[in-house]
Each structure stands twice: as C-alpha cells, then as structure tokens.
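Chain nomenclature is as follows: A, B and C, assigned in order of appearance, with residue numbering initiated at 1 for each chain independently.
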Amino acid sequence: MRTLKMKSIQLFLAVIAIAVFPALTPGQQVDAHIGKLSGNTDAGKHLYFRYCWGCHGFRGNGEGENAPYLNPTPRNFVAAVFKCRSTPTGTLPIDEDLYNSVGRGFNTTNMPSWIELTDQNRADLIAFIKSFSPRWKTEKPGTPITVPPEPKLTLESIRHGHELFEKLECWKCHGQEGYGDGPSAATLTDSNDQPIKPYDFAVGWRFKCGVTNHDLYKIFMTGLDGTPMPSFADVIKPEEAWDLVHFLRTLQVTHKSPELTLWESTKEGAEQVAAKKIYGTPTGSGVKQ
Amino acid sequence: MGIKQGFVAGVAVLVVSAALYAGPSGGTISGKVTYEGTPAKQKPIDMSKEPSCAQQHATPITTETVVTGPNNALENVVVYISAGAPDDSTAPGQPAKFTQKGCQYLPHVLAFEVNQTLEIANDDQTSHNIHPLPKVNREWNKSQPPGTPPISEKYDKPEFIPVKCNIHPWMHGNFAVLKNSHYAVSQGEGSFTLPNLPPGKYTITAWHESYGDQSQEVTITGSETKTVNFVFKAKPY
Amino acid sequence: MFERVSQTVEKRLSRAASALLSGLLIIAIVLGNSRPADALPLPSVKVRALPAFARKYGMPCSACHLAWPMLSAFGQAFKDNGYQLGNDRDAPIYQQPAYWPVTFRITPIWHRESQNRTLVDGPAGPNTAEGKVTTDGFDWSGLDFHTGGTLAKNFSFYVLPSSDNTGAFHFESVWARLDNLFGSSWFNIKMGKFELDNLLSEKRILTLTSVAGTYTNYHFQPLVSPGNPANPGAVAESYTFGIGDNQVGVEVMGHSKDDRTRYSASLLSSNDGQPGLPTNRGYGGYFTASQAFQVGSLGLQRVGGFAYLGQAPTYFQFTQGGVGVPGTGIGNKSFYRLGLIGQWYIKKVDVTTMYFHGWDNAFLGSNTPATAPLPVGAQAPTWNGGLFETHYTVSPQLILINRYELVRMSRQVFATNPGNFGNDDVLTVGFRYYPFISSRAGFAFHNEYAIIRQRGASPVNGLDLTTSSLLFGFDFAF
C-alpha cells in the first residue's frame, strides 16, 4: 500500500513537475564539452523532458513510467555507471562517450539512435544528464585508454586471438562458438539484478558500444560497467588485444568482415563457418554494421 | 575444515592488525554476537560446472549468507565504531587481502578502511571476474584469469559493498569499507574485541549482510573493558 | 475529407450545370457520390498519432511529436524508417504476443459555424437568395482506427479505417512498404493508398475546424464562373484533386540515415484516392525532395520542394443510361502543382513557410470535354499561394498555433471574370494543451478559431463569401 501511495504521489508530483517545469530553477550547472560543442544544462533539461523521461524518469534514476516494461532497464543517471566508455572500468566516461552513445543508440534495447536531433541538442542533453549525479562534481572522468594502431590482419593473429578467447575464458559466458550460450550465460545478471544475456556473435547484431574494430577493442579493454562484462585491461597486452578483436570478428558469421573472409580462406576456417548454425530469418541477417 | 580454519585465522589476523593500528592504549569494547530464532538453512552449492573448483571441496560447500557457530554465535558480523571516533586521516599501509580459492571468497566478509589498498588474488585454475556492486563508490568489474598478479584497488567512501563473480554465480562476498580502524569481524564464537579506544562516547554498530545493522551507545572513561552484546533476530528464509 | 459548406454546395451545383452544358455526365458526380457531402461543415479529424507506437516503444508522445499529431524530426525519421527504431527489436517477434497495434482517435466537440452568404430559398423561389447562416452546438468528429507498424524487420504497413461522424467508414490509408531495400535507407517502396510525402502533413494538421481542418492551398481549385441570380452557385472545376488527399499508387522514397536528406517519387492513379477506379486510367506523378541543416543552437531547419504532375479526364468514353461507366473516363488533360517549403526552428518557435503554384489546362479550367471546342476566351487558369504557420511550443504540453494562408489567382480561366475571383484568405488561431504526456494514450484540450474569405464566391450575388468556425474539443487517442 505504501509503495502504491508513494507511486501515486510521485505520479502526481511528476504531473505537476512537467506542467511547471519551464519555471523550475535549473539543477547543478554541469556543462558538457564535445569537440567544439558546449552543452548547456538548461537547454538539455527541456529536451530531456520531451524525449527521455518516459524511460529514464523525472529524477534520472532510470525509473520512468515505462521502465518496468523494459529489458534491459534504462540507464540510471544518478548512479552514473555507463556501459560504453573509452575510459577504464569504474571511472566516469568522457562527455564524448555519452554523446556518441546517444547518437548511436543501444542495439537490441529500447534506446534508439538520436541522430535526428541536432549535434547541439545531444550536447545539451549530455550536460543535463550529468546534473543528476553528484559524481560529476566529485570525480573527474577517467583518462581514455590508449588504443594502439591496428596491426595487419594475419591468420596468426586470428589463431592467437582464439587462444586468448580460450585462456581468458570468454567462452564461459559467450560460448565456445560465440553463440552466447556458455555455461555461465543463463545465470548472468546486471548490477540491478536483472537477467542479462551475453552477446551472441553468430547473430551478428551491432555491438552496443559501436561497430568498428576500434570499438570492439574498447569493449573488452574497458568492460561494460553495470553488466557482467569485465575489463580485461589488466590481463591482455595491448598488442594481443587486437588479436582477440580479429578472432571475435570470425565468430560473427553473418557479418561480412575482412577477418571472416581471411578465416574462410583456410580449410579449417571454411569448415567451421559452414558448420555454424544461423539463427533468425533471412531478413534478420545481413545487417549493415 | 582447512578452509574454515584459514578463514578464522584470517579474521584473527585482521582483528590483530586492526588493533595494531588503533593506538597505544585505552579502553576496550568486547562482546558476542548471537542470533535468536531459526536462521535460514544454507544451501549446498553445485560447482559441477567448474570442476577445478569442485575438486577442492570434498563435500559440497554451502552458501554463506548466514554463518553460525556454537551457542547461537553469529559469524561474519562487522562490529565498528560508527560515531564518536575520528575518521582516520591516513589509511593503513598494509593491504587488505581478498582471495578467490575453490570458487569461494576468503574471507567472506572483508573489512578495511577507506583508501586502504585492497589486494585481490586468484588462487584458482579458472578465470574469475571481480564485480563489487557499490552504490556510492565507483563500480568496476575486472577479469582475473589464473596466474595473473593480484588486483589492487581502493574505495574512497565508506560503504558495505556486495561482491560477486558473474562467471560463477554462487560466489558472493562483502566488503566493509570503514572510516576508522576500530572494527572487528565476529569469529566462530561470535566474539569480537575493539581495543585501544580513547575515552569518549561511542556509537558501536554491528552489521550483518542478511540481518542488517543495529547500534548501541557506549561510554569509555579509562582503560576499562566494556562488554557489549548484539542479538540479531534470525529469519528462517 | 470534409469540405467547407461553400465549396461543397458550389461543387454540387457546378456539377449539375456542367452536365447540362456538356450533355455529358461528369466524372465528378461519381467522385461526389463517393464523398461525404453533408450540408453541415464538420471538423476534420484524419490524423495520425499513435499511442500504439508509444506503447510499443515506451516513449512519451512528445518524443515523436512536437505536439501530436504533428511530428518532430525524430518522429519523422521513425516513420521514414518504416516505423522502426532500428535496434533489432522492431519486428513483432520481440513484442508481447498480445500486442496489437491499434489506436483509435475521436473528438467530442462544441462548435459554432457561421457563413455570411449561404444559398437559401427566397421570395423569387428556391435557391434564389443569400442568407447568413449560423449554427452551434455539441457534436463529435469521425472515428479513426489506426493500425500500423512492422510485420517483420523492414516490412511495414498501415491501415486506417476511418468514419465520418455518422459511422460510415472508408479507408483513409491502406498500404504496405518494403523498407531499407538492399540494406539502404535510400530505397523504400510503398504501395497502396497513402498520404503524399508532404513535409507539411495535412493528416498531422494541428487544427480541426471545418475551415482550417485542411490546408486551403492543398485543395484549391479555381472557380470557373461566379454565381448569379439566373444561375445560382459559383461554378467550380468538375475534377477533384488535392495534394492533401491520400492518393493511391506506388511510392519510392529514401532518406539519409539521419533523415536530413529526403526524397520521394510516386506514381499515382489519378482519381484522388477514390476506391474502385471510378474515373479514368490516367496516372499522375508526385516528386518531393528536402534537405535539413543545423544552425547552431537554433535547431534543425528544413527546405524542400514538391511537384505534382497530373492529368484528369474530361468525359466518359461510355455511358450507360446516361451515366458514365466507371473507369472509362478519357480525354485526359493535364494540370500541375508546384511548391517550395521551409520549416524554420528558432528554439521554441517554429515557422513553416510555403509557396504554392498551380496550373490547370484550359479544358479542365472550363469544364470542357476534350472533344468539344474550348469556349471562347478560355485559358489555362494559374494561381499562386502562400502559407505561414507559426507555432510556439511553450512546453511539450502546450502549443500555440497561428496560420495564415492566401491564394491569389494570377490568370482566370475567363478574362471576363473579376481578377480576384476565387482568391482566398484564411486565418487560424488556436492552442492545444495536453494535460498529461504519457507513453500510453493522448489527450488534448483543443481550442481554435478560423475564418476564410473567398472572393466573389457568394452563390447569387458574386460577393465575398466569409465562413468562420469556432471549436472547443476534447481530442483523445488510445
């Protein structure tokens, strides 16, 4: 009863809030800077209460009216834990990371790409969502990890990447063949105790944090904070990390890549790829990355 | 059995080390933590998916959300001074050690201080990921394959932090990040000792991962020893 | 589409006159029969704002609609992408099995309609006088059932059974679309009955009155000759075409990923979206293109152009009992409509400006069958139009609306007509207040006043015809 009452009070306050929000005083003025763009918290607030609150909530805590129906749950900006960063695990992302996330959207979630908004709009939104968490005032964003230039793609690189995949036990969650069906996959939960599935490489969906090899490198070297995906920065040498990237691409059998092509040019590779089950319908494959 | 002894020894070392850093002399608070009622039965853990760990346990280990000793003793309770003692300005130099062995966390509850180095080691032949789930501190998540050096981390705000390994869902532990060196984790007999307390009025708090926390006020006037006992109400679920 | 009383009445009379004159049954009678031609003007509610989509994606109305039913840039991109957000979660297989994408919308209203010179019976007999007719009272709009969405990834559809306020249904939209062909957003093919790719969408118009529920420019057709006591009722063209009307055909459209650049090309049956091939075998083409660009913190600006090149029949090849055999209209003559449009966003204010130009073949302009000689002095009528629509979006909950439309004849079909004959001026003001914004349903307090002056269009004396409409409504959709 209490929660119900609380909920209705909250709802009432929410309705009041949206009715009068233009009159509300701005929160903490935390600006965002992305390249030449400067985000304005006030401007972002108006955009937030047009586009974002339904899922992320009036208080930015990820408890919008629609949140109970979403999986994965919307990001909680108060906790300020973000999946897609260029910075080490446990650190705040740089503004550009957040800006890119808003523009890119999160594949297989309810978070769409917002590239239809202007660059300025997105920068303003970043400025505003940063005002939800005190962490932005007490902590500095992490220093982006250094990504060395990608070495030449070779079969040795792919094979070594495979060894790393075994040694680091990526397969415990992602499965030996990359189907996302490893022995631990079924038990995974995110930091909100919601079930979460590891990425299925065979389906070949776009990665949540970007589609390039560079993005893939960052995913496992920074970890996806708030999810079971840890950072491997302490255990993989930067030069070896590219080998893992090359190998992982060969697991994406429905997504054409130079890595897959090279791998298929070998007898064992061709056999392995041909033996892979393909999930989904023809229209679900061939997704442009 | 060996593990349990090691665990108790580990806690003892911690208590002693805490005592070493607490200052030269003063009063002492000691007591026992017990429960009343029927605590939840701990469930056996199926480690068959991780043979290298399962082999280390002759009989299956159980979950550790409530660990009890003889005479209703309650283990793994963090007893600490929550008010009355000044915050430590510098953290102890010695690292707090947290070990993954046999797909278990040793100790199950690790208490240490704000900004004290936390050293996490993997003694297993399998990869773990260490994923503490703080609310006020930074949330990080790191992979630790076998044979890699220990991970060093710090927390800069006091908090009780659940720790888990996503790869091995049965692995649960706790970090107690505290503001001062006056703390202890109750051992097999449920007993604890907080030595070397200067005269003053203290709030002493006991925290248990399943039963929450409770506090008492204690005044220390000299080098006396005061007894404070805590009784937690056990819930059968 | 409901029409203004003036036009409706005029049209019916003009059709009869034309039929007498030409000895042929005019196509428009068929059209006229299939269109609601009520004597009383009714608000036009044929718009799309889909709580079904909000429910599917959990977004508030305000994400896709600047103020529903008008789209925001984000909503436009969603629509252009085949009602897909593109996160590999659009296909129905990812929805709850019980999810059924249906939305209905209806609007209980109070309205007051007034016309200064309506054709009435007079001392000289039936239909010989003009009277000021004013009515008011409670009423309701027609009902729309919208269903649309994604059948599978990159297969989208839309079906809209729509009723007038008596409950008589017709299909406002029926189409399916292949989206992102060849993996490219530049290639989408749609077939069926659909709204033309108008940046200023008449189906998403923010005004509902009988006067301003449609864009005058989108439906304007020149009048042929003024009414007079001997032959009451200004004569209108006998064919009907409106860019604002949903048309039947096939459309290829494409857009950049961020929807800044858009184009469309359609091949359409030239029967103004009527079912059953009622008129002819002619086709028309519609082409649009637009480009948006960012201007600092002001927002997204968009400029575009459109062109409709069409043809309309002038007589039936066969008649049966004096009535044209449907689909056998021949003697096609051409017409075109051109326009330029700009949508300017200056923070909370947005202004739409449009320039419109129309041209009709002299045969169409004078209601002459292609086999007959043109009446003496008949020439192709041309006209120019303009539209200025301003919105002030106070918040996602409140939008103030102002619109001014004008149409100016640049060449009358007969030089003997007064130069300003048929010129229109329409002024509209209103606001919509949305007491709540949610991702489940929509509600708006709608308040609007609109007035139109049509030069020389009064039925008997050829004086200016002024029609006004005042409307309060509870506009809701679920």
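Keep in mind that, in the parts below, a contact is a pair of C-beta atoms (placed from the backbone, for glycine too) under 8 Å apart; a residue touches a chain by one contact, two chains touch by 3 or more.
This one's a predicted model, so the numbers in the text were calculated from it and none came from an experiment.
Of all the chains shown, the one with its CA centroid nearest the global CA centroid is A.
The pair of chains sharing the greatest count of C-beta contacts is A-C. With centres set at the average Cα position, the gap from chain A to chain B is 33 Å. Rounded to whole angstrom, the centroid-to-centroid distance between chain A and chain C, based on C-alpha atoms, equals 43 Å. For this pair, chain B with chain C, the centres built from the Cα atoms lie 72 Å apart. Shared interface positions of chain C, i.e. residues touching 2 or more other chains, are not present. By the touch rule above, chain A contacts chain C in their complex via residues 15, 18-19, 21-22, 40, 43, 46, 49-51, 53-55, 64-66, 69-70, 105-121, 205-206, 281, 283-284, 286-288. For chain C in complex with chain A, the residues that touch the partner chain are 57-60, 62-63, 72-74, 76-78, 85-89, 91, 152-155, 183, 257-259, 294, 296-297, 299-300, 394-397, 436-439. Across the interface of their complex, chain B is touched by residues 79, 81, 88-91, 139, 167-169, 172-173, 183-184, 187-189, 191, 223-235 of chain A. By the touch rule above, chain B contacts chain A in their complex via residues 49, 126-127, 129-131, 133, 135, 138-145, 148, 151, 166-169.
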